[in-house]
Every structure is written in structure tokens, then in C-alpha cells.
Amino acid sequence: MSVSKEETQNSGLERFPVAATELAEIGRGFYARGWVLGTSGNLSAVVSHEPLTLAITSSGVDKGGLAVEDILLIDGEGIVLEGRGRPSAETRLHLAVVKLRGAGSVLHTHSVWSNILSDEFLGEGGLKIEGHEMLKGLDGVETHEHCEWLPIIENSQDMTRLASTVEQVLTQHPKAHGFLLRRHGLYTWGRNVAEAKRHIEILEFLLEVTGRTRFTRKH
Amino acid sequence: MSVSKEETQNSGLERFPVAATELAEIGRGFYARGWVLGTSGNLSAVVSHEPLTLAITSSGVDKGGLAVEDILLIDGEGIVLEGRGRPSAETRLHLAVVKLRGAGSVLHTHSVWSNILSDEFLGEGGLKIEGHEMLKGLDGVETHEHCEWLPIIENSQDMTRLASTVEQVLTQHPKAHGFLLRRHGLYTWGRNVAEAKRHIEILEFLLEVTGRTRFTRKH
Amino acid sequence: MSVSKEETQNSGLERFPVAATELAEIGRGFYARGWVLGTSGNLSAVVSHEPLTLAITSSGVDKGGLAVEDILLIDGEGIVLEGRGRPSAETRLHLAVVKLRGAGSVLHTHSVWSNILSDEFLGEGGLKIEGHEMLKGLDGVETHEHCEWLPIIENSQDMTRLASTVEQVLTQHPKAHGFLLRRHGLYTWGRNVAEAKRHIEILEFLLEVTGRTRFTRKH
Amino acid sequence: MSVSKEETQNSGLERFPVAATELAEIGRGFYARGWVLGTSGNLSAVVSHEPLTLAITSSGVDKGGLAVEDILLIDGEGIVLEGRGRPSAETRLHLAVVKLRGAGSVLHTHSVWSNILSDEFLGEGGLKIEGHEMLKGLDGVETHEHCEWLPIIENSQDMTRLASTVEQVLTQHPKAHGFLLRRHGLYTWGRNVAEAKRHIEILEFLLEVTGRTRFTRKH
């Protein structure tokens, strides 16, 4: 039995190696910056929307040496189609973001500043970032006068409940480009891997600016 | 029709690859330091003064993998002569600096400390940096007893107006080696790419020293 | 006289090069992060449990260029079996941890934050870290609601006494994944080199989060 | 006329390439850490004590790409024997340290923390660092209970006067392993290049610990 070209394209199998290579390179870069230490963080890229297949980092992998072999291909239910290993426990969050935002890539980091600020601002439900030129790098933002609201969600090990909360929060904040999990980290996404990477860099940068300003300035 | 050697030299076409290579290497280095994250920042080098042609980074490019192909050759009006892509929206600021200062290279970074300090000192119109040995690395400065005034300009998306403000500020402060755009970043320049790079490193270093001293010291 | 395959395996000689390669790579990585500057820090991996043989960094070696040749094979008394050089003065601490915890690898770093916090919290006998997702990367921890107690031990040059104190502290805190020596650094371990490396990254990350939060937040 | 083997060895010409290679590698490493930005800092190594010849970085060189060609061979008066370029204006300080301490290498960095602390502690004449395990990496120090006094000298462009002050301070503090120039940077040395590098790493590390503790802790 032969597989038609169309079927191969639909399942995204031929685009999987490209996506895996991109994610591996991004993972090593984030590791160098200290954003995915201790095997933390997870990275995904849609390889096919219909049916949904996702390239995603295998659970518990050291991002410092992230290789193509550490990336799995899963379907829309999180079942592994290609590759060895277990997809991250947070796969449900990736799938929720892909479905709600139509994202082509979802990236999740654990940085020092996201840990500090997600705790400090939990009571306010989110973090407001405004007036920075860097905001213009977020998809659809045309001016530094933009006000970005980064929702903060209490962390949980109950992934069903957490995915449900993420869905609610994303629905409530349709313009948000990311969200923070308390004392856990940052989630953002983009139409493709390059845009999601750009969003991580921008939001992590602005978290550092916010943190250093807030915590060290005289009040 | 053949192009004479003189014409080729005038347009700077033969020097363009060298300039592009230098800018690409500097961009990757600045990215590693976190000074041009999220596709931010832009870098230029004059390849010919008469007529004016400028090598400049293409808009929206990831500086982490900045390549010669990401550098455009433009004329004094910002028209692309060579390369694919759109020059940065801030091209006008580069051209203004080149014309007013006779600079051979203009570099622009978005660092954490320039974002914080350009906001904190906006009301004073600028930031004074004095007494540091590092100042001696600025062109024409012979002693650490030098007092450098780094003007701060309110950020704007109106490039015509912003370029005009930059021209005024540079005229008012003829000895300034750079300026800050509020919550945006640092501009500096030099007679050539190496000098402009040196100026970025010196000013970013002194911004960090100023920031850490001011924001963390007891008062 | 020929050595049987079993004997070779017991002494771990054939696994020594692999362990040495792993430790050298980890050392260079920690050096890049500033965790083992100035020849500080030491790294070990069990190559055989019965009899006990340990691959361990030679004393006084620059970790920036750590090579396989800088790793020694020692026995359970600290006697050098293979390689040139002197094992670290802290070899006794490594051996104590291996024996008490059944560890397969022990790693020790000197970071800025471990120096600051081990001094600040000495009076409390340890540092409590809780509520962070990152804690889940510690062996056996299943939730961010975990509370990790990182004991702090006064530093000493008397290695017999210090090893004895370490043994007492580890016995008193059977669930601890590491400990701090005051104004000295962090010790942690794992079943293998990869796990011990993961523990270092997690604990160093959480020390930085703790330090930045505690020392810079308004109280 | 042939040069005897003894003469060649005396002038150190055959050891010059080795010293230049070591200094170039160290310079690139320090640049990566941000300790010699903007062409700042200078590095030297004695290649012959009798007569005195010194390998030293050429003035105004970007340390990020420091190459063997950027290292000069000079005599005890600072006259260039080999290589193109001008030795650093601070060559006199290097020569003073070599003569007073019998050093085999002198290294000088411009770090953020040395700039901040040399200003903050100027009135006290120096900075006291004690109780840290890292101090044991300084030549001759056997315990963390060591108290290191790092003298601070007011910066000056008058190199004759500054060299004279350095000589006085080194004579007054015979056990000092380095000194700070106010708002300028750190000088340290060692019997050889490896030891001087180790001293830089240890002192820069301890300056960061001191700075973060002093400037951010509640008082």
C-alpha cells in the first residue's frame, strides 16, 4: 500500500523534521539564556492543522543538548505518532493554545523574572506592560503606546483543570499574547516558530525590565 | 555598457559585502548580550559618502542569526539599491545621524538598562555620566574627568517628527556621542563600524553601572 | 596475568572514560555560567559501587577548559587509581554523600547567590524553598507544593570534621536534595550525572529567584 | 652572525608566541563575560625576567577578537621589540607590578562591579573581603578565614604619578593580591598567566558577591 503525496502532506510527516530542527535550535538558545534550566520548559510547533499534528519536546529532556531526536510528533489528543519518549505533561496547555489562538507554535519558558513577577502580581490577576517600543514586536501591535495585559494563573498539577482555566483566561483576554503561571513560567505563541520565539524574547525582556524597575527603584 | 572603476567605488558597491559582513557579526554579538532581542535594534554603515549609500539591517530580522543576506544597501532617501527586504522604519534616524555627525556607522540597541534609565531620567532631559575611565573610549575624550551628557528623547512612531527632534537635539548637544529614546533604546555612532561598536559597548556598560548604582544603593 | 571481564567491570575502568567525558562537559558548562570560576567547584561520578570507585575532578584545575585528562579515578578511601594529579580536598564530602545517599554523582558549585544566601540564612540553619514548579525537577518531587529545606553548614577547612557534620545533617534531613556550605557553595547529587546536573541547575535557579526576591523586594 | 640558543632564551623570543596565544584566549574569555568591553582592559605576561621582556596587549584593540597579532613584545622601558601597534598607556603599571611583586603576568579588567565598589569604598581606602571559600584560590591563602584587603587608588591620567602611587600602595600592602582604580577597574597578577587569570576570576566573583550583598540587602 502506498501513501499518496496528499496524505503525507496532511499528516505533516514531511514537515516534521524541519519543525524538530527549529525547536531543537531554539531550545538550546533558551537554555544558554537560563530560560529552560533543569529540563524545564517545553516547545511545540504545529506541523499540520487538519488533522492536527504537533511537534513537541519530549518530557524531561536537557534543553542544553536538545536534538531532533528529543522532539515527538503527536496528534490532537496528545498521542505519540513519531519519536520515542513521553510528551510533556503540559501538552494539554499547548493543544489548548493552538486550538483557541490558531497558533502555529507554542513556547514555554521558566525564567527567574517570570517566577518572581508571577508571584508578586498574582493578587492583581495579571501584569500590565505599557509604553515600551519592544511591545511593537508583538503580533498586531503598531505602537509603543500599546498596553499589554499578561494574565497570571495559579499553578496546578491538575492538567485538566489547568487547561480549562487557560481556556477561560484566553477567552476573557482575546488580545493577550501570553500568560504567566504563578512561580512557574511564561507561555506565548505565534503563527510560526519564528514569531513565537520573537514573542518569548520580547516578553522575557519586558519582564526583566519590569522586575528590575519595580524591585530596585525607590518608592 | 561598462561601469568604470570610479563609478563602482563611488556607489560603494564593492565595499557593501564587507560592511554587510561586519554588521552581521556585530548583530550576532549584540544578540548574545541581550541588546537586540525580539528582532529589535538596527545597524548601519556608510559604504559611500558621495553619493550617500548605506548598508542597513532589514526590518524585522532575528539578530541571533543575522546574515549578510539580511543587510540592504540603500541610498540617502532610504530607497533600496541592493538586497531583499524593507529597511527599518528608523532608517530616517540613521540618515539624520550620518548627515549631522558625518558618521560612518550608526548602531541602535534595546537593552534592559537603557529602557529603565531613559524612563527614569526623562524629566531631566538626559543622563549625565562622569568620572569613569570607560569614557576615554569615546571618540575625542582624553580623560576620565569627562562629563558625557546623553540626551533622552520621548519615543514616537511619527518618524518625520522624531527625526526632526533628533536633529534638534544633536544640534543642541554637538559633543554628545549618543542619545536615548525613552523606553526604547540607545543610538550611537562612529567614524566606522569598529568605533560605533566600541561606543555601544562603552555606553551600555556605563548605563549598567549607572543603573545598578542608582537603583540599588542606599540613599 | 590477564584481567577477567568481570574484574574490569567491577573496578569500573571501562566506564571511567565515559564518566570523565560527561564531567568535563558539565564543568565547562558550569564555568560558562560563572558557577565554578577561579578553579573552584568539584565534580564526581561513581564508576563502580562495589568496590567503590569514583571519577572526580583533579584539584586546582581551570574548569573553563576542563578535559578528560583533568579527571581522576579514585577508590573509596580517596586513593588515586588512574590519572595524574591530586583529588580535591573535598573528596571526603563527595564520598560521604555517595555512601549516605547511594548517589551516582555529586556536583559542587560556587555561585554568587549561594555565597550570599548561605551567609544570610545561616542563623536559621537552612533555606526553605517552596511553591515553585521548578522543584518538580528534583528526584521524587511530584508537585510544586513541595517544600524543600536546604540545610546550611558552617564552612571549615577541617575536612574530617566537615565530613562528619555533613553526615549528621544528611541523616537529620533524609529528604534534602542538597546543602549549602556557608560563603562557599552548593552540594547536590543524583542517581547519575544527568540527574545531578539537573539538580544543580534547579537549585541554582531557585537560589537566584530567592535571592533576587528577598534582597530587592520592599518589605 | 648567529644568535646563540642562550641569547634567544634570554630575550624570551621563543616563548613570546606561547604567551601571546595565552593572553589572546584570556582576552576573548574576559570579553565574553563583559569585563573588557569597549577595547578596555589590558593583559601582560613576562616572557623573560633577565632582561625583562613583556608580552602585552596593543592599545585600543577589541578584546572580542583578540588575536596573537594584537600582542606586542616590549622591554622593561616599554619599548616595542616585536609586533605592530602601541603598548597600552598603562604599561607602566604593569611594569611596576612585575618589578615589585616578581609577577609573571598582570591582568587588568573593567567590570561593572569594580566600577561601582571602587567608588563606594574610596573613602575607606580599600575594600575588605573575608570569610569566603573562594579566597583560598588566591596564592598563599590556605583558609576561608583569610581577610583580603583590596586597596583603592584614585584614578589619574598622569601615568608617572599613578605608577608611583601604585608602588607606594603595593609596598604598604605587601600581602595584597590586587588593587582597584576608582571608577576604572581591577588589577591583579600571578606567577604565571594561569594564576593571574584565576585571581581575576576570584576577585571579580567576590566583587559581585560584595556588591550584590551590600547594595541590595536591607540595612
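Letters A, B, C and D mark the chains in the order given here, with residues in each chain numbered from 1 onward.
One rule holds in what follows: a residue touches a chain if its C-beta (ideal position, glycine included) is under 8 Å from a C-beta of that chain, and two chains touch if they have at least 3 such contacts.
Remember, predicted model here, so these are calculated numbers, not experimental data.
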Inset, instruction - Using the touch definition from the top, list the chains contacting both chain C and chain D. - result: none
Inset, instruction - Treat each pair of touching chains as one step and give the shortest count from chain A to chain D. - result: 2
Inset, instruction - Could you say what rotation angle superposes chain A on its sequence twin chain B, using C-alpha positions and rounding to the nearest 5°? - result: 90
Legend entry - Farthest-lying chain, centroid of Cα atoms versus that of chain A: D
Inset, instruction - With over half of the numbers shared counting as same, classify the chain A/chain C interface as same or different. - result: different
Inset, instruction - Can you check how far apart chain B and chain D are, centre to centre, with Cα atoms defining each centre and the answer in Å? - result: 32
Legend entry - Rounded Å distance between chain B and chain C, as computed from the means of their C-alpha atoms: 45
Legend entry - Per-residue multi-chain contacts in chain A, two or more chains: 216
Inset, instruction - State which pairs of chains touch, listing all of them. - result: A-B, A-C, B-D, C-D
Legend entry - Partner chain D, residues of chain C touching it in the complex: 34, 37-40, 62, 64, 110, 112, 115-116, 119-120, 155, 157, 181, 183-185, 211, 215-216, 219
Legend entry - Parts of chain D lying in touch with chain C, wherever the complex brings them together: 29, 33, 131-134, 137, 142-145, 194, 197-199, 201-202, 204-205, 208-209, 212-213, 216-218
